[in-house]
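In the two complexes that follow, chain A is the common piece, with chain B as its partner first and chain C second.
Our next item is the complex of A and B:
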């Protein structure tokens, strides 16, 4: 089999057309990694500058009432994924800016896609675009004639007479094309590692490893299926067109239909329904800005009893801060319910798309690629959750200062000093744990592996029955 | 040349013409037979039509969703209006439990006037969803609003689906039509070349070019008829043909030009190419280049030159700059207001030293609005720069150009949503223009006056 692989590679090198295409493609591939890295770097700088700018503004607050500061709030910006320069995923369509303030959990807004007219349906030129769409085509063109040409020229019979086994020849052809795809992958991997050598962490390496494993498995499926069709059909052109049809179905047709279908199967509420339902639920709780609210009376009595005093003016603390926090605590239950519901629906949709990998390995590849690059919906929601948790701590810190910082109830003119505002911790984004990522995408990797095994089994079972002329 | 020669030439020409049209028809008939006997091509066409019809239904579903959402919001606005009207008729000042609200004061009367503005979908959205899923299409406008408020966010959707895009008719046309043509045309001339039949065909047909052109024209016609049928079907889903403003002919022309564009490219590949495999490779290569690589490269280039804005300018205008504005002494704010609204200089509250502070506080949204407008101009300019860069790429980025034109024709273009944002700003300005003089003139609002506010604020754009 080794000899077959060597022969095939010699053919690849001897073919001027293939050699030129490969050389050109390698240049494009490396350039794409470099440009992806450069663009991500620019966006990262922008993120750092914006974050520093907003934090600077917060730390410059000389004196302000803590509740006014809660309304003044701050903004968080969505950080890029770890392997963003390889796969942009959903980053261009999701918002990038999240307002953090009291009384409300905001939604992330201002997506990049809304800032520019439509230019590319498949996003920016990233390695993932080439690796997902172009390399498989290249592999198809490399392998479609691998067996049928041998049949047509009569060389296959000659090889068999010389003692080679048909299965060895077929697997040799698959491995030759697969190794070609693998070497392109390794090139991307090497270029990426080289460009990121200073910032590499174990998490990045593990993610990169799984990222490339997913592609390697997919390429095996493509090569295997192409060589199978090349051996199955008498005519190379038929093998090529069949494989092209499969490629079109897998990469263009089915993803669009299956992803759209998942949204129809698990419908999301309209924005108005979502907002109205939250508003209704929110209205059932305490209103922090309305001292006449009935639920406020209950809280007031409880606090007065706790401190053993008869009126708010006798309290050693500022009751307004407690009322605001009670308002927040209730709001948090409402946000958890409604935003949780959205997350749940999106998880169901995601699971459905992942299961669709049974019919379409391209979907498994796309999921795993985005997932390990950190540019998928799970990472997006992870950021939103971390941001919301931060908001809760942020607002509670302000409300606590309002309540226990030294002011009395009703003293809205009281202001916390600059030292306090500086002491409020800044948002620190923690990348999603790699264990959780592997768990989330185990299904996609598993399905890709299953496809590999199926292709392998298909070869083994069908080889003895294949016509050699 | 004598008259006999002329007659003979005329006879030959007419015979040639007859032969040519007979050839043309016979190639068409032959191609039809070939087509219906090729299951692969039939399946490709069927899949294309299924995808197209599915896409049209997706477009129609989005249209219906939007229309129904707008109807619900209009109903909601009507209920809100009824509620406010009830305060006046019952002699109440506002909602129960909110004693600080007083709708007889212009500030609260205008605050509570429901002003919703919609970007109603054009029925032609059935053909192309374009960028409509990236923007909100309705907003409740107040004098504290801005066209970049978070409540103008797009509808809740799965971002992974948004990234791939909805399978609409536009997608089918822009991306799948060239693929359909590829499948229909890939083996034309290539098969004959592979099998060495080309010399015979040249003898039989007289010209390889006209033979090739006729065969290509046949499949282009098949594709165009399919497109037209789907186009007609889509029209009935949302009533496009009943709408006077729908650009029906523009869309048909666009479909025709786009089809011609790809047909010419593939024709040239087939004409100058070689065997089937080589031609297929070249056709697929050109398709990949024009639909994936070039648009994605342009997007990459634009992102490098003008990265995605994180809106810090707008955030400053909404936050820090606004806080600085609010911290200004009353005298400064008053001067700013007088400059902005000269008509209030001699108003009753301008001379009332006890009530002027409240009037200033309640008018300060107009100054905040000016701050926001300045930052929005800068933001829109940044976006315009990006869009100009994209437009400049059209001479080598034709697929994006066709997509852009399709979006423009179906009112799902960036510019349509920019126009919507401009309309929102006009409505905000209108509210402020009404609010400030009414406050400073110390007007007491009754039901009649409030009705006047309503019709003035909700009037057609």
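Our next item is the complex of A and C:
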């Protein structure tokens, strides 16, 4: 089999057309990695500068009422993972900036697609686009005639008479095309690793490994199926037509159909519905029996009893801070309920899309690619959760200062000093645990592996029955 | 040695061979003459194990083809009408590749020696096959079989499309191989070439061997008349 692979590679190198296409494509691939890295670098620098600038402004507050500071708020920026430069997934359409302030949970805004028209129309040129769409096409064009040409020319008989087994020839051709795909993949990774050599962590390397494995498995499926069709059909044109039809079905039609189906099966509320429901629950009470006024009255009585006084003016603390925090706490419960619902629906949609990988390995590849690149919905929601958790700590710190910092109820003119504002912790984003990511995408990797095994089994079982003449 | 006994073969109800029996001994060349569809290529495909007979047996060097396909192929040199080599490789590289597939590793000089034996000029050894004439490709095909140390050669219209000089060279090579002890079965339309190079001649019509004779017993003209008579009757 090794001889067959070496011979195929001699063809790859000696065919002027193929060599030119490969050389041109390699240049485009490397440029895309560099461009992706450059764009990610610019974005990262912008976010770092903006974060530093905002923090600097915050720490320069000399004296301000904590509640005013809560409305002054701050902004959080969604951090980009290192692998985002290879696959930016949903990042171009989701927002990147989240305003953190008291009373409200704002929506993430300023997506790249909303800022740059070309991105909204055409998407951004990323390595993943080439690796998911163009490389498989190249592999199809490389392998569609691999066996049918040997048959049509009569050379297959000569090869078999020389002692080569049909299974060896078929697997030799599959592996040759697969190694070509892997070489392009390795090139992308080599360029990416070289550009990020100083920032690599074990988590990034593990992500990169699984990212690589997902593509490697998918390429095997593409090469295996193409060579199988080449061996199955009597002429190369039929093999090419069949494989292109599969490629179109897998990459264009099925994803759109399956995603639409999952959205219909597990519908998300519209933005208006979501906002209205949140507003109503916050004002009327989650169950409609605990309105805002009643909650306030109950808290007031509880605090007065706790301090053993009859009126708010007798309290040694500022009741306004406690009331605002109680309102925040209730708002948080409402948010958890609604955001939890959204998260549950998205999880169900994701699971359905993942299971659709049984019919379409391209979906499994895309899921795994975005997942390991950290640019999928799970990572996005993880950021939203961390940002919300930070908002809660941030606002609670300000409300506590308002309540216990030394002011009395109704004293809205009271100001906290600079030392306090400096002591408010800055947002620190924690990357998702790599074990959890692997667990989330084990199904996609498993289905890609299943496809590989199925292709392998198909070859083994069908080879003895294949027509040679 | 090639031995075919009472072989029948049909494809989807169409009879390709009917009760065919023939034998080619060591050092002998048997020419199979016949029109298109007479069963010449089917006979060769049966001997190579690419198709199985409906009835009868085929043996090569005492080995049953059906039960020992791999071993049989090791001993057989096959030269088709068009030896389709890899055009991006030179003649020498093609020979090396096909030898390696057969598990044979030769030095460059040994490979060149095989090509020399078939009459391929040294200057052509390292040229890409894309630049070769049909005759040159046929020579590489013969070198592939020769390097394999085949004891049985199956040739399917090997001289088709060759110019007279190349065809004559091919005859010389085949004669040489037979003189070295090979058993050669050559399917052809070319009455004159068959008469010139073969020891015995068989005429196939509609899958039946209707005549077998020694080449020495007939002149080319007599053979042509006989062949035409059978084809017309």
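Here is the rule we use: the second predicted complex is superposed on the first by the 454 of 469 C-alpha atoms of A that agree within 3 Å, B and C clash if a C-alpha of one lies under 4 Å from a C-alpha of the other, contacts with A are read in each partner's own complex, and residues count from 1 in each chain.
In this text, a contact is a pair of C-beta atoms (placed from the backbone, for glycine too) under 8 Å apart; a residue touches a chain by one contact, two chains touch by 3 or more.
On a predicted model such as this, the values are computed, not experimentally measured, just so you know.
J.: Specify the outcome, clash or fit, for chain B and chain C once both structures are aligned onto chain A.
T.: Here chain B and chain C can both sit on chain A without a clash.
J.: Give one of first, second, both or neither to describe whether A:155 is in contact with chain B, with chain C, with both, or with none.
T.: second
J.: Is A:257 touching anything from chain B or chain C once the two structures are fitted on A? First, second, both or neither.
T.: First partner only, chain B.
J.: Determine, under the contact definition given at the top, whether A:164 touches first (chain B), second (chain C), both, or neither.
T.: Second partner only.
J.: After superposing on the shared chain, does chain C or chain B touch more chain A residues?
T.: Larger number of chain A residues touched: B.
J.: Applying the document's definition of touch, where does A:3 land relative to chain B and chain C: first, second, both, or neither?
T.: So A:3 only meets chain C here.
J.: How wide is the angle at chain A between chain B and chain C, using CA centres, rounded to the nearest 10°?
T.: The three centres form an angle at chain A of 100 degrees.
J.: Chain B to chain C: minimum CA distance in the overlay, Å?
T.: Minimum C-alpha separation, chain B to chain C, in the superposed model is 17 Å.
J.: Which positions of chain A sit in both the chain B and the chain C interface?
T.: Dual-contact residues (chain A): none.
J.: What residues of chain A sit close enough to touch chain B in their complex?
T.: Residue list for chain A touching chain B: 35-36, 38-39, 42-43, 46-47, 49-50, 53-54, 57, 72-73, 75, 77, 89-90, 92-97, 99, 106-107, 109-126, 129, 133-134, 137, 141, 144-145, 236-237, 240-241, 244-245, 248-249, 252-253, 255-257, 259-260, 262-263, 268-272, 274-275, 290, 292-293, 342, 346, 349-350, 353, 370, 376-377, 380.
J.: Using the touch definition from the top, list the residues of chain B that touch chain A in their complex.
T.: 40, 44, 47, 51, 54, 58, 65, 69, 72-73, 76, 97-99, 130-131, 134-136, 138, 148, 150-151, 153-167, 171, 174-176, 179, 183, 186-187, 191, 194, 276-277, 280-281, 284, 288, 291-293, 295-300, 302-304, 307-312, 315-316, 319-320, 323, 382-383, 386-387, 390, 393, 397, 400, 403-404, 407, 413-415, 417
J.: Show which residues of chain C lie in contact with chain A when the two form their complex.
T.: The contact residues of chain C facing chain A are 45, 48, 50-51, 70, 73-74, 76-78, 80, 82-86, 88-89, 93, 97-103, 141, 144, 148.
J.: Which of the residues in chain A come into contact with chain C in the complex?
T.: These residues of chain A touch chain C: 3-4, 7, 10-11, 14-15, 153-155, 157-164, 468-469.
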